[in-house]
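Shared between the two complexes below is chain A, which has chain B as its partner in the first and chain C in the second.
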Partner chain A sequence: MAEIRRHDNRLGLWGWLGGGRWGVERYAYILHRLTGLGILLYFLIHIVVTSLRAAGIYLWVEGEFLHQPIFRFGEFLVFAAFAYHAFNGVRLVLVELGIAVGRPIEPVYPYRTSLNVQRPLLIIMMILAAAFLVAGGYDFLGLGK
Partner chain B sequence: MPDSSTVVRQIRFHITRYNPELDRVPYVKTYAIPVREGMTVLEGLHYIKDNMDSSLAWRYSCRMGVCGSCGMLLNGHPTLACNTQILHIADRELTVGPLPNFNIIRDLVPDLTPMFDKHRSVKPFVIRADETEVNEPAGEFYQSPEELEAYLQFTYCIKCGCCMAACPTLATDVRYLGPMPLAAAQRYNVDSRDDGRRARNQVTGAAQGAFRCHYAGECSRACPKGVDPAKAIQHLKRRLVLDYLRLARRKKPCQKLHGPGEGKPLPNIPAAPGKTVPGDSFPNLPERSP
Partner chain C sequence: MRETKYWTWHMAAGVVILFLLGLHMLIMHLGGITQLFAPHAGEAVSKENSLFRDGKLFFTVTYILLLGVALYHGLYGLRTILFELTLKPGAEKAITIILLIVGLGLFGLGTWAAVTAHSIAIAGARG
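So, the complex of A and B:
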């Protein structure tokens, strides 16, 4: 008997980034991945820029290329990514150790899931990340000067 | 067929169609059907098949949210067609597609074979050293209500695949075990009758196991039975960490309530009825008295 042809219906990256109306934890998941990749990209660029020192190029000193305001803002974005990634990461560590998801319960409709149980933790962590961001922005964007 | 006197309105069903013998890629075909109050998506599909297009294919069986056959993507959400009323999710338009993250066999029929292969790989059954007692039980195992509650929620899984379709990690990593098999592993790991956790850890703790889950939570949101696979996976991870650090308490699986031949049935429980099917398939059962 001939093999029946099947169509590959895997969502791929669209499964991360879209494809439906999702809950807040799904967006937290996407943002966590994007900020992680962003921080990694910054790290790679950071290595390249600082290694230029070997060729006698100092892009980060006063008056040089990296002292333009756009890079200052870019640095703030890296800081924002770090703030989010760090605080959401703490939430994930607590959740993944089974601490903030609750005990198994008998499912009675309307179902109450572990998402409801850990939601206060998510809110607290986002408030802390926002506070951290404001404090950092005060310094990074020169608002305190 | 809906009674025309109770029809509320016409709803346009945008259904993904795919015939592997004719189509290179899936396409969407639209059908406008009369919908009455309380009509489910499954009934809508039947209306289309009976009256408009007999070539439409989908999978279903029980029609009451028990068998898990009719999982599909309704307005972007993976859920059961039999459990979903059309007017609860659609105003004028309704998109119906096959569950994503699975290959399409035809129209709305996904190929669930990879999910069942993964499910099998986590050994979803009670594992004990005294195998004879599992296969030919001579008594009941003792299990307290608290021990039952530890895994009861995860036993409600009907293997519909909605959680697998909702999982964003599975969308990019086909080797990831996914929510259903991992929840099944946790269901047996915490069963006090079971002693197979360490054997399952080889699979669930591997690179494509529980730690690929990053708690997007979509599986728990999609589950039509309230199983909460995300919770099961997080508890599974906790246990994997404790096992890895050798901090988990070694607990013996529960023992039989009565030894062989010592079981004493309660006096007010009537005897089991005799067999109704003639033959020697169940030689130990007594013949039913007339």
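So, the complex of A and C:
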């Protein structure tokens, strides 16, 4: 079978970041990528830092440096990025597999769009992500202890 | 066809991460609410609680599994985003090789650390 031929991205960076008139799902996808890049950056550093425990160094509990408010807030941002990326990722997988785009129908006027199925899914996933985020915020603020 | 296969793995890895990282988040970042796998006083990320989890084979195995699938998912995702800039074939090849080296290097480091930490925790528990 032939390889999939990719099209030129004439728009460059704007081709990544611009949603144009594609609707809120497209912007949700752009945010998915941005949160993914943020999580990846954190994850690569996280691997190195947590691997130090094999040498007896627990950097995240020793000293005051990583306990500064800016790092606690940064950690919460990573948590927020995870909550969004995970639940939006479930939506993207369901859409990619054709599960969340509705049944194929005859294109008879007035046309119906798969957004009738996709939009409620997006809303449900964002509510779940928000609930997870609130629980995380509750914990980060130390209210869960 | 090959890229389609890699993309399918990327999605499958995402599903695995959803469960493993979800568990990780429930333990580490919702520990104040869940109190999961943190029998010692203090935060879930304290040294004592970390050693407790490192001593469990379940955590050593899932750490390594999560490390592998998350590195694949993240680095393949980055590669996909970069390739959308319509790069020259040489640049694409260089990016693939660099990401492969970074991924394998960090996988080796993380696996070594998980296995070593497991040995240390077991030895500590035996006194």
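Rule of thumb we're sticking to: the second predicted complex is superposed on the first by the 113 of 145 C-alpha atoms of A that agree within 3 Å, B and C clash if a C-alpha of one lies under 4 Å from a C-alpha of the other, contacts with A are read in each partner's own complex, and residues count from 1 in each chain.
In the analysis below, a contact is a pair of C-beta atoms (placed from the backbone, for glycine too) under 8 Å apart; a residue touches a chain by one contact, two chains touch by 3 or more.
What you see is a predicted model, and the numbers here were worked out from it, not measured in a lab.
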Contacts of A:29 with chain B and chain C, given as first, second, both or neither: first
First, second, both or neither for A:16, with chain B first and chain C second: both
First, second, both or neither for A:115, with chain B first and chain C second: first
First, second, both or neither for A:40, with chain B first and chain C second: second
Partner chain(s) touched by A:71 [first = chain B, second = chain C, both, neither]: neither
First, second, both or neither for A:102, with chain B first and chain C second: first
First (chain B), second (chain C), both or neither touched by A:8: both
Shared chain A surface residues [contacts with chain B and with chain C]: 4, 6, 8-9, 12-13, 15-16, 33, 96
Contacting residues of chain B [partner chain A, same complex]: 18, 20-21, 25-26, 76-77, 98-105, 110-111, 149-154, 156, 167-168, 170-172, 174, 190, 214-218, 220-221, 223, 225-228, 230-232, 234-235, 237-239, 241
Parts of chain A lying in touch with chain C, wherever the complex brings them together: 1-4, 6, 8-9, 12-13, 15-16, 33, 36-37, 39-40, 43-44, 47-48, 50-54, 56, 58, 60-61, 75, 79, 82, 86, 89-90, 93, 96, 135-136, 138-140, 142-145
List of chain C residues in touch with chain A within their complex: 1-4, 11, 14-15, 17-18, 21-22, 25, 29-33, 45-47, 50, 54, 67, 70-71, 74-75, 77-78, 81, 83-86, 102, 106, 109-110, 112-113, 116-117, 120
Complex interface listing, chain A residues touching chain B: 4-16, 19-23, 25-26, 28-30, 32-33, 92, 95-99, 101-109, 111, 113-115
